[in-house]
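Below is one structure, written out as structure tokens, with a few remarks after it.
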Amino acid sequence: MTTERLETFADGVFAIAATLLILNVGLQGGGSIAHQLVNGWVAYAAYAVSFLTIGIMWVNHHAILEQLGRADRPFLLLNVCFLLCVAFMPFPTRVLADHLRGDGGRAAAVFYGLAMLVTAVFFNVIWQYGRRRLLREDADRRTVLAISRSFAPGVTLYLVATLVALVSAAASAALYAAIAVFYVSSGERFVR
Amino acid sequence: MTTERLETFADGVFAIAATLLILNVGLQGGGSIAHQLVNGWVAYAAYAVSFLTIGIMWVNHHAILEQLGRADRPFLLLNVCFLLCVAFMPFPTRVLADHLRGDGGRAAAVFYGLAMLVTAVFFNVIWQYGRRRLLREDADRRTVLAISRSFAPGVTLYLVATLVALVSAAASAALYAAIAVFYVSSGERFVR
Amino acid sequence: MTTERLETFADGVFAIAATLLILNVGLQGGGSIAHQLVNGWVAYAAYAVSFLTIGIMWVNHHAILEQLGRADRPFLLLNVCFLLCVAFMPFPTRVLADHLRGDGGRAAAVFYGLAMLVTAVFFNVIWQYGRRRLLREDADRRTVLAISRSFAPGVTLYLVATLVALVSAAASAALYAAIAVFYVSSGERFVR
Amino acid sequence: MTTERLETFADGVFAIAATLLILNVGLQGGGSIAHQLVNGWVAYAAYAVSFLTIGIMWVNHHAILEQLGRADRPFLLLNVCFLLCVAFMPFPTRVLADHLRGDGGRAAAVFYGLAMLVTAVFFNVIWQYGRRRLLREDADRRTVLAISRSFAPGVTLYLVATLVALVSAAASAALYAAIAVFYVSSGERFVR
């Protein structure tokens, strides 16, 4: 079984989940339209961070499948579970954007962090499974190592950010953004 | 006519229907954000079960098309009808998540079951039609048999769960989840 | 320029427009959940008719592109205009489902008919343009004629149904359903 | 790394962002259904202009990737940022359609213009990066020049229209429509 149709389905879920994020963005608060538009910056930032995060996962998922020669059924089902997490992201993003500055800020930030954490765990499971069973015969050892090294910190980073959310919603939100930027920039090492 | 463009369209509908499910998920009830987030577990479970169900149908649809060498127009139109059912799923899922614990629980559960039943019937029709008319010349007999054996119980299972819903919404909801898990685990037999 | 990427984009719009139709479907009226679910039959029917219509357009768009060897820029832009109409369909469908049985029934039915009419016109323009300029050298003359013959009545049928809508919303709604069923069944002639 | 999977993801985002625009369209104001349907013309026009704009960007993105032989990781990430802007478009479109005729018209029009401006900037960055680093060896010089010449005015045009929005919302809205039409017609020169 080739990975081609998995790619189509996965690309669909990535693209739709990322694009649906915009439905969470709306005018916020009262006052003039200009004021409401400026006031929406938290929602725009949440949109951007989640879109970037999904985008990076798409780029990395791409990198994984390139190293695999085929897919088997457990791999497809693991991917369905992973994509279930990806498609879930618009909900914690909406909760975080709506409540970051209010009473429920920490609860919203913890929820967002837990969602990212589970997603990162599934991502690593997919990679570990694929790396051990489905690697192409001509897969490049250095790229494989680079991918493993790049994915490893994700779980820890989101765990730390989630724990920070118990104390400060704003600090954890900054961390979520920083993790996205970190992956955008650091990733350039392993795919050239 | 090859099956390629059908795959693209079908993958699109599967991916979108699955991803749209998240629009049904929202904060529920009153109290603190943390409480509302915990309170939403029925909606998360309904999301997960329907996402997994769509995901499994996608994997199995994949398995069907792999055994077919081509598509003809009746097959395309049967697929449009099947995909009409798949794309309908967010609605019964929303109804079930919103009303499972309320007065209309049984009505919602019966409705969900009927939707799944019709979908399962169309799925079998597609497979029977494809198997008889469009099979690749080099299709693997054992895989074909395994697919037939795997798909057969779906209609019965959903029929039973729908009948159970007439008595208990919660019991039928548990059955819907169990059917999804059953297909996730049992399926591994026939594709290797 | 090949038609491949146009197909991906078009399949995306077809699949998304068809799948978004479900967002229009909701519980309607008061009373028990069971009653509201039964009461929603107009919305389900509108969903099914529009989904089938989009599905048939997808199958036929498929048939067109198979006869074309390439795409040029005007063809791409005509397709963008046509897909603009396809992606518009969820709106008239929602209006029709919500108002068919109320005071604004005829206005809603006329609006639905006009939307379908414009879509049918663009569909014919695409086919005429493609047939004259982009036909594959080895295109099958009989298939080309069959497609032309099959597409021709669409504009007239929707024009008649729209005029009927000025008098009776219910009659025109029945006609819209009948046109969809007509295309589902008649189409089998020209692709084999 | 080939550009194939980028195309799938990009086509997905283009198609979904364009199709989601319809969710912004609804009955507006009071009175009869017919009156509300006529009254919605601003929303239809905003839908059409944004759909066409996304459609043209899709056609042009297509033209870019055809000249490139491969993608590298920075290019993928630039594309993710660009697609983040494309997927954002339904929000300014909704704001403009809802407020063009009200008090916040100019704010809404400026916001729309800024969104388009940032999108146009990213589009040019993608093209400049691709043109310098990823050009196919057999890329056609004249097409490359034509693309560069065609994309250059976009940023200026949207900058002017945004400045006009500070004075008149209606005038800038007309300019946004004119820019879309300009690109629809002028583009035919460079792809033949």
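As written, the chains take the letters A, B, C and D, and residue 1 is the first residue of each chain.
We take it that a residue touches a chain if its C-beta (ideal position, glycine included) is under 8 Å from a C-beta of that chain, and two chains touch if they have at least 3 such contacts.
What you see is a predicted model, and the numbers here were worked out from it, not measured in a lab.
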| item | value |
| --- | --- |
| Interface residue overlap between copies subunit A and subunit D, same or different (over half shared) | different |
| When subunit C is superposed on subunit D by its C-alpha atoms, the rotation angle in degrees, nearest 5 | 90 |
| Most distant chain from subunit B by Cα centroid | D |
| Chain centre separation (subunit A, subunit D; CA means) in Å | 26 |
| Subunit B and subunit D: spacing of chain centres that average the CA atoms, whole Å | 36 |
| Two or more partner chains touched - positions in subunit A | 8, 12, 16, 20, 23 |
| Residues of subunit C touching subunit B in the complex | 7-8, 11-12, 14-16, 18-23, 25-27, 32-34, 36-37, 47-48, 51-52, 55-56, 58-59, 62, 66, 184, 187-188, 191-192 |
| Of subunit B, residues touching subunit C in the complex | 1, 5, 8-9, 12-13, 16-17, 20, 23, 72-74, 76-77, 80-81, 83-84, 87-91, 95, 99, 102-104, 107-108, 111 |
